[in-house]
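Reviewing the structure listed below.
Each chain carries a letter (A, B, C, D and E) given by its place in the written order, and its residues are counted from 1.
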Amino acid sequence: MDLATIIGFLLSYILLIVALVIGAGVGVYVDYPSVLIVIGGTLGIVLINYPLDRITGLTKVMMKAFFNKSADTAELIQQLVGFAVKARRDGILSLESAEDEVSDEFLKKGIRLAVDGTEPEVIKTILETELEYMQERHKEGAGIFTSIADFAPAMGMIGTLVGLVAMLQSLSDPSAIGPAMAVALITTFYGSIIMNMFATPISGKLKVRSGEEVLQRQIMIGGIMAIQAGDNPRIVEQKLNAYLSPNKRKSQFD
Amino acid sequence: MDLATIIGFLLSYILLIVALVIGAGVGVYVDYPSVLIVIGGTLGIVLINYPLDRITGLTKVMMKAFFNKSADTAELIQQLVGFAVKARRDGILSLESAEDEVSDEFLKKGIRLAVDGTEPEVIKTILETELEYMQERHKEGAGIFTSIADFAPAMGMIGTLVGLVAMLQSLSDPSAIGPAMAVALITTFYGSIIMNMFATPISGKLKVRSGEEVLQRQIMIGGIMAIQAGDNPRIVEQKLNAYLSPNKRKSQFD
Amino acid sequence: MDLATIIGFLLSYILLIVALVIGAGVGVYVDYPSVLIVIGGTLGIVLINYPLDRITGLTKVMMKAFFNKSADTAELIQQLVGFAVKARRDGILSLESAEDEVSDEFLKKGIRLAVDGTEPEVIKTILETELEYMQERHKEGAGIFTSIADFAPAMGMIGTLVGLVAMLQSLSDPSAIGPAMAVALITTFYGSIIMNMFATPISGKLKVRSGEEVLQRQIMIGGIMAIQAGDNPRIVEQKLNAYLSPNKRKSQFD
Amino acid sequence: MDLATIIGFLLSYILLIVALVIGAGVGVYVDYPSVLIVIGGTLGIVLINYPLDRITGLTKVMMKAFFNKSADTAELIQQLVGFAVKARRDGILSLESAEDEVSDEFLKKGIRLAVDGTEPEVIKTILETELEYMQERHKEGAGIFTSIADFAPAMGMIGTLVGLVAMLQSLSDPSAIGPAMAVALITTFYGSIIMNMFATPISGKLKVRSGEEVLQRQIMIGGIMAIQAGDNPRIVEQKLNAYLSPNKRKSQFD
Amino acid sequence: MDLATIIGFLLSYILLIVALVIGAGVGVYVDYPSVLIVIGGTLGIVLINYPLDRITGLTKVMMKAFFNKSADTAELIQQLVGFAVKARRDGILSLESAEDEVSDEFLKKGIRLAVDGTEPEVIKTILETELEYMQERHKEGAGIFTSIADFAPAMGMIGTLVGLVAMLQSLSDPSAIGPAMAVALITTFYGSIIMNMFATPISGKLKVRSGEEVLQRQIMIGGIMAIQAGDNPRIVEQKLNAYLSPNKRKSQFD
């Protein structure tokens, strides 16, 4: 559960509603055709831009921004150092049992490859390819939200232009100008909300989460390569701790 | 057939027409001189920017956004693993017949080079050069649509400035101001539609399709190099599956 | 002669004039002080930004967008393959005569270096350095037009601000407001035209031409290196054809 | 203490207040609901975008822009050259005592690794990994301020749209239009201040500080590697001075 | 003396003043509080963004845009080729005297290192590090002007918002609206001038100058390495001429 995402949404939307109430009352800002045009239009453009399967997988991607449990990197390093100790003492085959302690599929695969005696170069290629293309897929996931952030205000502006032209065509009744213009602005308002209070920060959180996952996997690759090379566990720990901020490092040798 | 592109166009344009009808009726938003100036002017600028042969090939490029059949990458990997099994059992020359099963010209060429006994380095250079320059050409294709997305709203703004200046020159008749300004805004409206509901998402889809094709060809290069090196088919499969998302991987060895 | 550039200019400027005529007649849009301020001001800023010799060489650079004959890359490859055949049959020294058939100075230099028996590494360094810095100079040439595209609308906006402030200072005569504002907008109009209907697409065409020239020179380098290495002409052809789109490739061995 | 930051804040905010006083008096520009919506809303969006722990660590990051003592790089180089002299004369083990003179943890660690006889490649990997990920963390820290700089004016614009729509809905009382619009603009005003007079320059200063720290650590790595390789101290000095601007270099050998 | 900079400033500012005179007379556009707020505010923000020592060194950096004598690159190459001839004939030690002919400190240092018999790898590392960090410092120098170009219009917009809010608060006197709005726009006008007619083109010229200096130093490095390697002077000349545009090349061997 990503508390910050939840709190952030609550905070910003409650404040928005407060602003609406202070403004002219929530009702004034709700216009169903505008909702339809901005949301539906944006969805349409996103469908032109992306293949169907990526869009259907979008809610799953988005959930990552809400329900990601940030794994403890310092713990991961200690686990890898533990494996290094074990491998040095009992041989690398002893890690076969360690595989069961590990829940991460990526790390599991790396250990299995090492235990199987696969050549280091091959292990490295496989794990790095996997990491690189995972990163690529994450970038695409976040990229769809970036596209939404681009298209929603564009649809909002198109809606506003439609409303403005309609208003300008019939200026005979001055008392209608204000409300007509207000309605015209509402699509821009929706587009701006979708962009700034939904799509951009979700895309941002997904990038942050991807960065954390990539960091962890780089540490896993570093750890596995060092273990297979038979490095001294102290050195393994120093190598892996180098990825961490000094104040987050732990050590089992102090 | 790329369903998402079709559905996306239908959805966004139907919603746009709904918006126009709600606004002031479709007729108000149709102004032939404005159409001519925005579309013709954009075409003119694109002609200054790009050579003639790229623009004449543009509809062919665009069709990719509508009619691209997304090849199955997991299937491709299984096919390559099958070739690896065959090559290991019967020698690499046995792949001569496999060439016929393959419809992709790039893969065919790679296999032929391997069967002919070309040096690995040379095969790699040829295939990677071909991939790199295909990517380059794809980028150019998508780039023309990005240019259209830049130039159309610019032409729209120029048209609006022309209309505004004309309107401001003759403010004597107040009842004419509104409609004159409405017409002036229509070129901006067209430019915005061409940018956001046509050129940008088409360019986006072309980039996505190019990305898929590049991925497939990288897998083909990886597969051919591994087969020629005589890698164990299990390793070949692991190497190639690393390009895929875990939930899309298949294996013939489980 | 680059037809697309000529047609593009004709098309977009004729349409612009049509728009002006429909608007308020061409005369209304011509304001000599505004022309002076936008064009002169932009020129002034460009002079601050770039050294004198680059700006004086600008018309020569621009002519490339109008009068570049696009060399036939497939022909070039066939010529290089021909040299490979000759060099294999009669030795590399036989290419001494070939030098005369070649009109491109870059290719001529490469062949001469190879005939002189210069070490491959040195040839490669010389040719690649030359290519890299040609690219650099091309980028600078296109960059000046990009700067013009940035500065012209900026000068236009400054001009409009000057006009707006003047207009706002004297609102006493309501009938003068419209025309004063119209004139104020004209500098923005000019800046927008210079940016979008001149500088940006010229810069774009220069980039495209540079890309073509770089591609051809990369093929030349690839060809010369392969010829000097004594590669089989079929392999040379395959290596060089990899730079081309499949439908443009020719072969003398089929 | 970073004087420039303090002076900069004082100068720009005093001038802003002067502007407000000249404008319509400070009171007119203070609107608590607007403050709440812009600051609270921005905070909310930032929470969606970033994990909680990074935001709670933000004030610590920001303090760097105020209280960073810029270390003297020329002094650092002289210290490293001194170590090189000592190591050449008395052997690298003699640096064990030097460790105590050093307050920087990074340099201390490097020296300890060298004294322990760790392989140069391993030392380099550890120190460069640490440097790279420190840079990564710095980039994230500055990135949050960049996000604030993006989101604050966006929230400002949303607030202004809310106000505009409210105003347009009730144009019956002309005397209320001005003040209503003034209030609507105030959120844009706040957003603009947060962006330009707080978040962007803070982010900029953090980047500058990060750049300085990275430079110093690159010099430390260069120095430690050269010392361990037993380089002549004069050469060490020349190698390290190359990082500095010529007019800041010192030398102990002239 | 950089004539283009001087002419550019004269041309653009004279035209600006012409525009002001045509507009509403220079006096109308001069508003001291606005000058104070835009220039002072921008200075304040720049101080938050950059350390004090970089800002105090700014006028020195800026002078480069005015008083830089562009060294003759073709001459430099001929000088280096001359050194190559001398070193080949009389040995590299004979270059000791050549040092005195050289005024550039960077080239001098390179020659001294070569004469001293320093290993080629070490020379290369020292000179390339020096070049890289000089480039870095140049980038920072130009970057400050880019920051000014960002902050000045931002301060201008903040000033305009202050003025607009003040104006909107007191719409009772219609005759005061125009002048009040005119004054409000003046900060935007100043911000735009500082950005487009000062900071951006100065930053651009500094980048051009940096590019020239980097090119010259790359040629120096190339020359020194070739001389030390004992390359044939003809080859040295060809290697170094490759950096130049063909029409600027000179040769002492034709």
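The criterion applied here is as follows: contacts are C-beta pairs under 8 Å (C-beta built on N, C-alpha and C of every residue); 3 or more make two chains touch, one makes a residue touch a chain.
Per UniProt, the chains are A, B, C, D, E = Motility protein A.
Predicted, not measured: the structure shown is a model, and the values here were computed from it.
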Exercise for the section: Please identify each chain that touches chain B as well as chain D. Expected result: A
Practice task
Between chain A and chain D, tell me the centre distance in angstrom, where each centre is the average of that chain's C-alpha atoms.
Solution key: 25
Practice task
State, to the nearest whole Å, the distance from the C-alpha centre of chain A to the C-alpha centre of chain C.
Solution key: 40
Exercise for the section: Identify all positions of chain C at which a residue touches two or more other chains, and write them in rising order. Expected result: none
Practice task
From chain C, heading first to chain E, list each chain in turn around the ring.
Solution key: C, E, D, A, B
Completion exercise
chain D contacts chain E in the complex at 2-5, 7-13, 15-16, 18-20, 22-24, 28-29, 65, 70, 175, 177-179, 181-182, 185-186, 188-189, 192-193, 195-197, 200-202, 204-205, 208, 211, 215, 235, 238-239, 242-246
Problem - List of chain E residues in touch with chain D within their complex - result: 33, 36-37, 40-41, 43-52, 54-55, 105, 113, 118, 122, 125-127, 129-130, 133-134, 137, 140, 147, 150-151, 154-155, 157-159, 161-172
